[in-house]
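Take a look at the following structure, please.
In order of appearance the chains are A, B, C and D, and numbering begins at 1 in each one.
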Amino acid sequence: MNDAGGLLLTILLSSLLPGIAIFFLAEHRRRLRIGLNLTGAVTKLVLVGVLLLGVLRGDEYRFSLPLMPGIDLVLAADSLSLLFATLSAVLWLVTTVYAIGYLEHSPRRSRFFGFFSLCVSATVGIALSGNLITFLIFYEILTLATWPLVVHRGTPAALRAGRLYLGYTLTSGLVLFTAIVWLTLLAGAEGFTPGGYLESLAETHAVTLQVLFVLLMVGFGVKAALVPLHSWLPIAMVAPAPVSALLHAVAVVKAGAFGIVRVVNDVYGAELALELGLTTGLLVVAAITILYGSIQALRAQDLKQRLAFSTVSQVAYIVLGVALAGPLGVIGGLVHLVHQGLTKITLFFCAGNFAETLGIHKVREMDGVGRRMPWTMLAFTMGALGMIGLPPLAGFVTKWHLGLGALQVDALWVLWVLVLSGLLNAAYFLPPIIRGWLGERREPWPEPMREQIGPTRFETHWMLLVPTLLVAALSILTGLLAAVGLSPLGWVAVIVQRDYIIPGLDT
Amino acid sequence: MSGLVETLAPGLLYPTGGAILFALGLYGLIRRHHLVLRILALNIMGSGVFMVLLGIAARGEGPPDPVAQALTLTGIVVAVSATAFALALVVRLARLTGNAIILPGPPDDDAPVDDISRLEHHAHTEAPEHIEPTARSGERR
Amino acid sequence: MTLPGEAWLTSGVAGLIALSLLLAVLATVWPRQAHRIGIAGALAVNAWVLVLGAVFLNAGPEPMAAATRVALGSWEAPLGLMLHLDGLAMTLLALTAVVALATSLYSLGYVHDRIERRQFWPLWLWLWAGLNMLFVSGDAFNLYITLEVVSLTAVALVAFTGTAAAVSGAMRYLLVNLLGSLSFLMGVVLLFGEHGVLDLVLLEARAQVGPTERMAAVLMTAGLMLKAALFPVHVWLAPAHGSAPAPVSAVLSGLVVTGSFYLILRLWMGVFAPLATPAFGVLIGLLGVAALVWGSAQALRAGRLKSIVAYSTVAQFGYLLIAFPLMLVEPTAWRVVVFFAVVHALAKAAVFLAAGTLQHAAGHDRLVDLGDILRGRLRTVFALGLAGVSLMGLPFTGGFVAKYLLLEAGLGTVLAGSAIGVLWVIAIAGGGLLAAAYVLRMVAPAFHQGRIRRGEAVSAWMDWVPLGLALVAAAAGLSGTLVLYTLSLTPGAP
Amino acid sequence: MNLLLVVFDLALLAGLIGVAWRCLASTDLFRAVVLFITFGLLLALAWVRLEAPDIALAEAAIGAGITGALLLVTLERLRVIIAGRRSDRPDTVPPDPSGPGAALQALHDPPPEPRTRLPALTFALVVGSLLVTTLWHQPDAAGLEPVVDAHMDASGVDHPITAVLLNFRAYDTFLELAIVLVALLGAWSLGRHDRIPARPAPGPILPGTLRLLVPVAVVTGVYVLWAGSHQPGGAFQAGAILGAAGILLVLSRPRRMPPPPGTLLRLGLGAGVGLFLASGVYGLLAGHGFLGYPPGWDYPLIILIEVAATLSIALTLVALFIAGRPEGDDRP
C-alpha cells in the first residue's frame, strides 16, 4: 500500500519539482527550461496513465500524512479523481507546448513557468485529494499560484485584474475554510465517500447542514464563476492566452466545479442533498448562470470576453447536471467537465493564435481570417459548434444526457433552459464563424508576429498551431466516439455505476 | 491611642507610603515630557516598589526578612544600571535631534532608516539624513 | 537505545543556561572574536536543544515524568531558585534556537563592520541568553531580572543603527519597558507579601481569589502587555521594530514579544488561573479584535516595508488575545495559541530578514521606490511572499495549520453556545484577508512592469537565510502534531 | 511601638512624598535632580528605620550617590549639546530654531499642559488607592526569614543577606551583575565617549581633597566588602564606594584621562560575571548543581566572587559615568 501511495505523491511531484527548479533557473537557460517543462508534463501523463490502468484493475491508492491531531493530508485515487487528473495531465502537456511557443520572446519566463507548474501541481492535488481538508489546501495553493500568472504582464490592467481575482478567491477561500473547519468539527475528518458521510447528522443538524452547504457553495462558486460570484473571470482575461486557457478549461474554474461535484456526491451524497432540499437552489443558480452568461457573451464584442462569458455559462452545465441529482444528469454534468475543458481550450488557443499572429481581438476584426489562417479557423469552428451542441459533437452528448437527466427527475423547465441556452450559444458563436469564413478583408493583415520573429512556415508558429489542432481533434473525437468504452462518457458511466449505486440506471 | 499606634506600625505605614510613591511616579511619568524627568519618575516608582517590599519584610514580629532585603538590593542595582543606560540614550538622542523629549504623535512613517551594514561609522550619515524627510515631504505636497 | 531521563534533563536545562551565559560572557570579554563565538555557540546551542528535546520527548507521554524542576545550587524552593522545563518551555526554547541560529547567520552578512560587530554580538548573545533564561525561569523575582536582561539588550540593539529614528524608537521602547518591569515587579512584591514565597509552583498552590491576586494580576498583566505591545499599549512597537537593524527586528518581533506573551500565558494558566472569568475573556478578546483591525489598517497605510511588517506584528498578536476567551471555553486551546505564536515567530522573523536584505540592496525601504529592487531580487521576494503566506494563514504553511486550529477552537465556542464566538470566528477568518492585503502590498511591486535592478551587493548569508527561514516557517505546517504533543507535556495545564 | 516613632515615620514619609512631588513638579531640571538626590538620602534614612542597614548603605552609595552623579553629568552634557558649544563632534545637529523652545528644553521642562491633568490624576489615584487597599488586606506573613535562618549554617557566611545574595539566590545576583554589564555594553554601543564636560576647578582645594578622599574611599570600600560576610555590607556597596572614588578621580582630571588598554579593561569589566559563572559551571560539573558550591569551599569562593564583583562593579560604574566606549576598545 505504501508503494501505491508513493505513485500519487510522484504524480504530484512530477510537476512540482520541475517547477521549483525552473524558479531558480536563469532567464537565458531556454533549452533546460523547455526540457524540464516537457519532461515534467510527459512524466505526469505517463504516471497518470499507469494510475488509470491500476484503478481500472481495481487497485487502491492512498497516501496520508498526519497534519494535525486527528487530521491527515490524504491523497487518494478514485474514478472521479482520475477523470479530472487525466484531463489536467493531457491538457497541461498541450498547454505547456503552446505556452512555450506563445511566450517565446517575452521576459520573465522562468517565473512564469515556475508558477505554471505550481498551478498544475495544485490542480492535480485537487483531483487526488482524499478529503475536504486536503482539497482545501490544494485549492488555496491554486489560488496563490494563479495570481502571478494573471498579473504576469505587469500592466496596470493586469494588476487590477489580479487584485480583483485575489479579492474574490481569497474571500471565498475563507468562507470555504470556515465551512470546512465547521464540518470537520461536526463530522470528523472523513475521506470522500461515494454517497456522502453525513447521513447520521441529518436528523440532529439539518439546519446546520443546510447553512454549511450554502457556505460551501459560495466557497466553490466563486471559482466556478456562478452568478453572482463570477465578475472576476471576464476581467482576468488580461492574462496571456495560455493562462486564460488554463484558468478556463483546466484549473481554476474546473476546480470550483469539481469541488461542487465532490461536496454534492461525496460529502453530502445526492440523497441527503435532495432530502435537505439543497439541490433545488443549486439548480436554479446554475440555470440563471447559464442564461446570464450566454446573454453577456452575446453582448461582448471582444473575442476573449465572449469566450469568458461562455465559460461562465458552460461551467454551470456541470453544476446543473450535478444538481439534477439523478444518474443521467450526473453523467451529463461529469462528462461536461471533460467536454467543456477540451472544447474551451481549443477556442482559447484559437483566440490566442488570432491575437498573436494577426492582432485580432474583436469579433468584427475576424472578417476573412479563414483565408489567412484556415487551420486555426477550422479548429475554432469545430470548438464553437461543439459548444453550441451540434450533433454529434461533444456538446451534444452533454446536453443530451442533461436533458434526459432532467426528464428523469421530472424537471421539465430545465429542458427549456437547455434549449434557450443552445439558441443563445448559436447566436454568439455563429457570428465569428460566419465572419471568419465568409467575410472579406480589404486591407492587409497587420502581422505582428511576422514583424517580431520573421516568416513562419505554417500559418502561425508551429508550437501554437499543433496544440490547437490536437485539442480540436480530441474534442471532436470525444463526441464522435462517445459510445466507445474508454471515452469520457464511457468512463463517467463507469464512475456513476461503480460509485453511485442509484436505482434506475440502465446503461 | 495605643490602637492608633498599633495601626500605624511600620509594616503598614511604609507599604502605604510606597504605594503613594508608586502612584506619584506614575503621575509624573504621564505628565512630564522631558526624558530626564521621566527617568526620575520611573526611579521614584521603583523606590515606591522597594519601600513596599521592605515594609512587607518588616511586618510582624521578629527580624526582618533577609530575602526581601536581598531582592531590594538587587532591584536598586538593576535600577541604577537601567538609569545609566537610559541617560546615555537621552544624551545620544539630544545629540541627534537637539531635543531631550520624544515628540508626541505618531512616528513619521517615511523617515528613512538606513542600514548599518552599509555604514563605516554612524557619524557620517546622520546629519544629511536628518534633513532629508522634510525635503521629501515638501515635494509630495 | 534508551535515553537516560531525569538526571539528563536536569543537567541539560542547567547546562543550556550555563552554555548560553558562557557564550555571552566570552563575547563580552573577547569582542574581537565575538562573531565567531556567536556562530559556534549558535550551532552548539541548537545541538544542545535538539538533544534536550529528544530526551524530553522520550520521557513522556506522562507530563509529570517529562517536566523537570532544577534547583540551582541545590537549594530547593522556597529558599532557592528553581528552573523548570515543561512542554511549553521546551517548545519556546526550540523556537528560540531556530530563529536565533537564522538571525546569527544573517548577522554575519548584515553586521560586517569590524567595530560594529564587536558591539553587536555581545549584546545579541546576552539577549539570547536572557530569552533562554526567561523560558525556564520558575521564580517570580527571577522573571523580573531576566525580563530586564532581555529589555536592556533589546533596547540597545534597537538603538544600534544610531539614527535619529532608531534612537528615538529605542528611547520610547526603553521607557515602556521600564514601566512594564516596574509594574510587573510591584505585582511580584504583592504576591510575596501575601504568600511569602516567590516560586511559581508554590505560589500557584497557595493562590486563591483575593484582592492581592487581583491587583497582582492587573499589574503584572498590564506590565507584560506593555512589553508585548498588546493592544491598546502597542504604540511603541512600530517605531522600535521598524527602525531597528533587520536581524534585531526579526528577533524582537519573533522572540522578545513572544517571550512577554509566554509569561502572560504562563501566569494565567498558573497563579492567576482562578481569576479568569468569561467577562474578562470577552474583554481581552475584544482588545484582540481591535488590535487586528488597527494593526492591519496601519500596515495597509504604512509607507515603509519594515513599518508594514512591524504593524503586522501588532495585528497578528490580536489573534493571541482573541484566543483568551476561547481558552475559557476550551481549555486545551492554549496549545493552539502557542503553536500559533511559534509559527508567527518563524514567519515574522523570515519576513523581517527578507525586508532587511531588500533594504540593504536598495539603501532604503520606502515602498514606492522599491519596485526595481523587488523585481531584481526575486529570491528574496519569494522568501517574503512565502513567509507572508504563512502570516495570511494559507496553505501549505505553518500559518495554515495554526489558523485551522484557531478557527476550530473559535467554532467550538460557537457550537458550545457562545454568541460572541461568532465575532471571534469572523475575526480569525477575516484577519487572514487583511494580512493578504498588506502582504500583497509588499510583494505586488515585484510583478509590475518596470526597471529591474539588483542594487547594492549583499552577502550570500543575507541572500539565502531569509529563504531558508521562510521554508522552515512553511515546513512548520508539518510540525503541528509534534508541537502539540510537546505542549501536552506541561503538568498543571489542561 | 511608641508615639514618637510613629510621628517620626509619618514625618519621614511626608518628607519623602513632598520631595518626590516637588522633584517631579519642577520645571528646572537641575533643581529636580538635586531634589531627587535629597529623596535618595531620605530613603536611606527610611531603610535604616526599616531595619535594613545594607539597603540604606546601598541606597546612599548607589541610589543617591552614583545615580546623582550620573544625572548631574547628563544635565551638563545636555547643556553643552543644546547650547551648541561643542563642535568637535561632527554629528551634532543644531537644534531646530523654529522648534518650540528647543534651546530651552535642555534643562527646562515647561509645566505640563492642563488637559492631561485630570486623566493622569484619576489614573494615578485609582492605581494608588487600589494598591493601598490591597496592602492593607495582606496578612503579617512571616516570609522566608525562618527558612533562611534554618539554613544559615550551610551557607558559608554569617550575614543572612549575603547568604541569600551569594548562595541561596546566587542566580539572581549573577544576573544582576550581568545587567550592570549589559547596561554598559548598551551605552558603549551608542558610540565613543566624549570628554567629560567638567570645568577644571581652580585652586588647590579639589586636588587636595581628592588626595585625601580617594584613599579613604578605597579603604572604606575594602572594609565594606570584607564586612559583608558577617554584617551589613558587601560587594555592591563596596563596588559603589570604589566607583564613586573612581568618578571623583575622573572628574578631577577630565582632560587627562589615560586611555585604558582595551583587552585589560574588558577583562576587568567581565571579571565578576566571569568568575561567578566559572564557579557556577564547576558546581554543575562537580554535581553540586549550577551555581552551587562544593562543601567547605563556599566561604572562600564567595569571598573570591565578591572581590571580583566589587572590582567589576566599580569599573563598570565609572565607565557608565564616562558613558561612551573608550578609544582603545575599537583598536584592531
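Structure notes:
Throughout what follows, contacts are C-beta pairs under 8 Å (C-beta built on N, C-alpha and C of every residue); 3 or more make two chains touch, one makes a residue touch a chain.
Computed from a predicted model, the values in this text were never measured in an experiment.
Dropping subunit C from the picture separates the other chains, by touching, into A | B, D.
Of all chains shown, C has the CA centroid lying nearest to the centroid of every protein CA atom. Centroids built from CA atoms put subunit B at 64 Å from subunit A. Centre-to-centre, using mean CA coordinates, subunit B is 24 Å away from subunit C. Averaged C-alpha coordinates put the centre of subunit A at 73 Å from the centre of subunit D. If you average the CA atoms of subunit C and of subunit D, the two centres end up 31 Å from each other.
With touch defined as above, residues shared between interfaces to two or more other chains in subunit C number as follows: 115, 141, 145, 148, 152, 155-156, 159-160, 162, 167, 186, 190, 192-193. Counting partner chains per residue, subunit B has residues 15, 22, 52, 56, 59, 67-68, 71, 74, 78, 81-82, 85, 89-90, 92, 96-97, 122, 126, 130 touching two or more of them.
Residue positions 131, 135, 138, 141-144, 148, 168-169, 172, 176, 179, 182-183, 186, 190-191 of subunit D each touch two or more of the other chains. The touch graph of the protein chains shown belongs to none of the named shapes. Remark: the chains found to touch one another pair up as A-C, B-C, B-D, C-D.
Every residue of subunit D that touches subunit C in the complex is listed here, in rising order: 130-131, 133-135, 137-139, 141-144, 147-148, 151, 167-172, 174-176, 178-179, 181-183, 185-186, 188-191, 266-267, 269-270, 273-274, 277, 280-281, 283-284, 288-293, 325, 329-330, 332. Remark: subunit A residues 23-24, 65-69, 71, 111, 133, 136-138, 140-141, 143-144, 148, 151-155, 159, 162-163, 166, 170-171, 173-175, 177-178, 181-182, 184-186 touch subunit C in the complex. Interface residues of subunit B, counted against subunit C in their complex, comprise 15, 22, 29, 35, 38, 42, 45-46, 48-49, 52-53, 56, 59, 67-68, 71, 74-75, 78, 81-82, 85-86, 89-90, 92-93, 96-97, 102, 107-122, 125-126, 129-130.
The touching residues of subunit D, counted against subunit B in their complex, run 1-3, 6, 9-10, 13, 16-17, 20-21, 23-25, 29, 32-33, 36, 39, 43, 46-47, 49-52, 54-55, 58-59, 62-63, 66-67, 70-71, 74-75, 77-78, 81-82, 89-96, 99, 102, 105-106, 108-109, 112, 116-117, 120-121, 123-125, 127-128, 131-132, 135-136, 138, 140-145, 148, 160-161, 163-165, 168-169, 172-173, 176, 179-180, 182-184, 186-187, 190-191, 234, 236, 317, 320-321, 323-324.
By the touch criterion stated above, subunit C contacts subunit A in their complex at residues 378-379, 382, 389, 392, 394-396, 400-401, 403-405, 407-408, 411-412, 415, 425, 429-430, 432-433, 436, 440, 444, 447-450, 477-478, 480-481, 484-485.
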